[in-house]
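Next up is a structure, given as structure tokens.
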Amino acid sequence: MALMETHYYSFSLGSNITLNVFVPTPGSSEEITQINHTQKYDYEAGLPVLYLLHGAYGDAFSWVRYSNIDRYAQERGMVVVMASAENSFYQDLKSGKKYKTFFTEELPVFIQSVFPVTKDREKTYIAGFSMGGYGAWYLGLSRPDLYAKAASMSGALDIAGLYESATIQENENNPFSWEDSFGDPKKLSGSKYDLFALYDQDVKGGCVPKLYQAVGTEDFLYQSNLHVKEVLEAKHADLIYKEDKGGHDWNFWDKYIQDILDWLLQ
Amino acid sequence: MALMETHYYSFSLGSNITLNVFVPTPGSSEEITQINHTQKYDYEAGLPVLYLLHGAYGDAFSWVRYSNIDRYAQERGMVVVMASAENSFYQDLKSGKKYKTFFTEELPVFIQSVFPVTKDREKTYIAGFSMGGYGAWYLGLSRPDLYAKAASMSGALDIAGLYESATIQENENNPFSWEDSFGDPKKLSGSKYDLFALYDQDVKGGCVPKLYQAVGTEDFLYQSNLHVKEVLEAKHADLIYKEDKGGHDWNFWDKYIQDILDWLLQ
Amino acid sequence: MALMETHYYSFSLGSNITLNVFVPTPGSSEEITQINHTQKYDYEAGLPVLYLLHGAYGDAFSWVRYSNIDRYAQERGMVVVMASAENSFYQDLKSGKKYKTFFTEELPVFIQSVFPVTKDREKTYIAGFSMGGYGAWYLGLSRPDLYAKAASMSGALDIAGLYESATIQENENNPFSWEDSFGDPKKLSGSKYDLFALYDQDVKGGCVPKLYQAVGTEDFLYQSNLHVKEVLEAKHADLIYKEDKGGHDWNFWDKYIQDILDWLLQ
Amino acid sequence: MALMETHYYSFSLGSNITLNVFVPTPGSSEEITQINHTQKYDYEAGLPVLYLLHGAYGDAFSWVRYSNIDRYAQERGMVVVMASAENSFYQDLKSGKKYKTFFTEELPVFIQSVFPVTKDREKTYIAGFSMGGYGAWYLGLSRPDLYAKAASMSGALDIAGLYESATIQENENNPFSWEDSFGDPKKLSGSKYDLFALYDQDVKGGCVPKLYQAVGTEDFLYQSNLHVKEVLEAKHADLIYKEDKGGHDWNFWDKYIQDILDWLLQ
């Protein structure tokens, strides 16, 4: 597997930034059984690609450092793209940095131009955990033309409900700037940031990404995820729901990313 | 020279971030004339340290990629620390990320704890160009107890004047969020963001860093830098001023950083 | 946890090289519950340090990419140092590169000079898997004054027996240059490369590192590891031996490195 | 410019290795004058590509750290590939690592498969300095079907003469293993390692890369380079020769790489 730490200038973010990109390669260390110099790179059709999002406090290195995604993606022949979004909830921030624009407009064009990935929506996926679980569904439901599948682990999916119930609090010990991300956080319900509203809109438009949702029964977001599942099932959504013993931590995410990769490639 | 690309969690910024740190070492590639396994690391007294700031659009990799700072610092035995500040003007942003706090409180403690640098103000320096020229003087004058010397190249030093004269415009093609950095940009003059006011305050307090200012005669900030020089000379500041043929570009900065390193170590 | 990708010139290897160093830090992403700017770095006593070796085909990035060592070391407050040794078996190669010298003389001095680690043998450890399992015991038993404990997973420990039985073959599809590492590989038994001989020598000298050995029952080195265990137990060695279901792969190593970290800190 | 630090498994070298690859991009930091989200990546025809070699003691990071190649290549729209060859003289080493095979067979296929570069020989180039000056001509003349142009700065070009005259000595303070690279170094003249012999062979074969040679008048290899120039001019080679004040150092190489880039793109 080739891991490429990529530094380049992003127009949407107005800064040089760092990405990490995995590209599966014919050989992979520690699993070599024979040497074959004529190994072929069958990349011409374009490899399937997963945009993999981090949670609050994280960055483009979180998945590399805290999981074994490198091995899991190599085994499955999947390109994985990891970029930083700070604590933005993957939004175009009022204060300037445009993360939604970056992830849905600039980054895919860059990746498709520079790396051997598919341009086919059916092989383009997005996933994440916690804030990035919201991000994966948010970006996926906002641009169903781009992604065939969107997966959340331990996601802060019901963003309006979580704010209203103070499950994710707005205070000085909290990394989020709700106003910078969402404007008035009291008006989240039904807004363009609300995943339920986005889902309804996609149904009307006739194009909805397939959804996946996993959560640990000890996660502080467990009840909220159960509620999201119930709402979506009532809407007859094409949703895979999984729950398992576990908390809001990397043990859970390192395990369920493997399940997600298998689901993406079904 | 050891170059350390450092990933760690910043409390002030609420995210994992990336730093680059140079530490001079007994041997340096391409200049080796003899092999000596008993080379000594004379680090116990603590090495002098320069915090080196980037300009707008840049990041912690700008100096590594676009200059030869690695060689220049190795030759002079200087530790160099480079971190990203996006387009923040090195301020505590209203929207949350606290760059001033990061650079003046968190980062120095991290660097002094992990790397073999001095804790002595007399050997602690700060420098930068363009937005980072302002940043170097701003952080230096805000915390004269921390830095003995502060150097600007092509600096946006007269921040109030530059805004008022529309030399640095506030518009959608501009990376800066003036409000996020400074609050009301029309009230910059005399404020805690104004370098002249900070200078006066340091004089009153009896502790002022030595200042260095270089600018190219073809730089769009040339006239503004001349004005800053005149104001400071009228105040009898301890200021080194240099001008030279050149523009607002890396050819100028790669040249003058060498002069700055020599000035720091005088 | 701070992860530092470190580039510097090695005298023993005659080249610029890349290391990875983890240093535990007061905060760690994705596990933050409160922000505290006054977090202290209690590094003055020097942190315990583990030199962690890779196997054949690997490099300084193997552990970062294929395991979760970052999280495990952060939880336990351990510095971890990872360097490349190619397929050298951690020897001073006849063709020039001196890996043994690098790991036992140059690297510890560099690490102790630049990073906040202990110089105390009692808190200095070495571990690895496969070729690096041999390497950990080889370096540990060669320099018992440096390391208090040495741990092997899936180790190619009985190097003479493995060569003689053709378990690790000498052929063109094999990455090892036996002659370059060991001279005549038919004379390994009883030589300075033979771990049994080194162990006996340490016993005579009155200073032996504590040993740890783990192996999977499906590993092609399982029988060889069993033999090593029996020989050492007959010598009444201070040895921890563990076997478990598993093969010669990263699932095993990612699991047992956690057990090793706990054993080191006992 | 996108800088990609790439980690992947090399079959020819039997290890995970690190490459650096620059790919020019529509925007580049510190030179931005307008933001245009619809910037196009015109990569479909395949970008021209330069394989850029380091000298003794160096690695894949030497050019990144010690020169401004990033800026120079961005300005000219050139992809640049930098890999480590240790002190091998870019040969297939007797002790195992096959650098010639890596650079001429494995690396180009990897680069052409993963990155948006041309497969056209007319736009494929190779250059280097010192040991890498020899390497550039050696690889270029060995495989004239692959590279249209080969450039040397401060090159150890007359390898037989340099050994015989003891200009580059064989001793323990020298990083080279002559035997590992070349077999018997006394038999270099006229061998497959001798650039003069390779040149004659290419002429016979009817395919010769264009050659470029620069050297400083204070370089210890100056006289040797003069001799090489005279021999090649007597053979009526298509050679650009440049000399200038300067030594065997990065000031010279950082200057002349710009001249080489211009020559490549003529």
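We call the chains A, B, C and D, going by the order they appear; numbering starts again at 1 in every chain.
Quick note on the criterion: a contact is a pair of C-beta atoms (placed from the backbone, for glycine too) under 8 Å apart; a residue touches a chain by one contact, two chains touch by 3 or more.
From a predicted model like this one, the values you see are computed outputs, not experimental measurements.
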Request  = Between A-D and A-B, flag the pair that has more C-beta pairs in contact.
outcome  = A-D
Key: Most distant chain from chain B by Cα centroid   = C
Message = I'd like the Å distance between the centres of chain A and chain D, where a centre is the mean of that chain's Cα atoms.
response = 41
Task = Could you put a whole-Å number on the gap between the CA centroids of chain A and chain B?
result = 36
Note = Expected list for chain B, residues touching two or more other chains, is 1, 3, 7, 9, 14-16, 29, 32, 35, 56-59, 61-62, 65, 175
Inquiry  = Building nodes from the protein chains and edges from chain pairs that touch, which of line, ring, star, complete or other describes the result?
reply    = complete
Key: chain B partner contacts - residues on chain C that touch it in the complex   = 1-9, 11-12, 14-16, 21, 23, 25, 27-29, 32, 35-37, 39, 41, 43, 101, 105-106, 109-110, 113-116
Chain B-facing residues of chain A, complex = 7, 9, 14-18, 56-59, 61-62, 65, 84, 86-87, 93-97, 175-177, 179-180
Ask   = Inside the complex, what are the residues of chain C that reach chain A?
value = 1, 3, 29-32, 34-35, 55-59, 61-62, 64-68, 70-71, 130, 172-173, 175, 249-250, 254
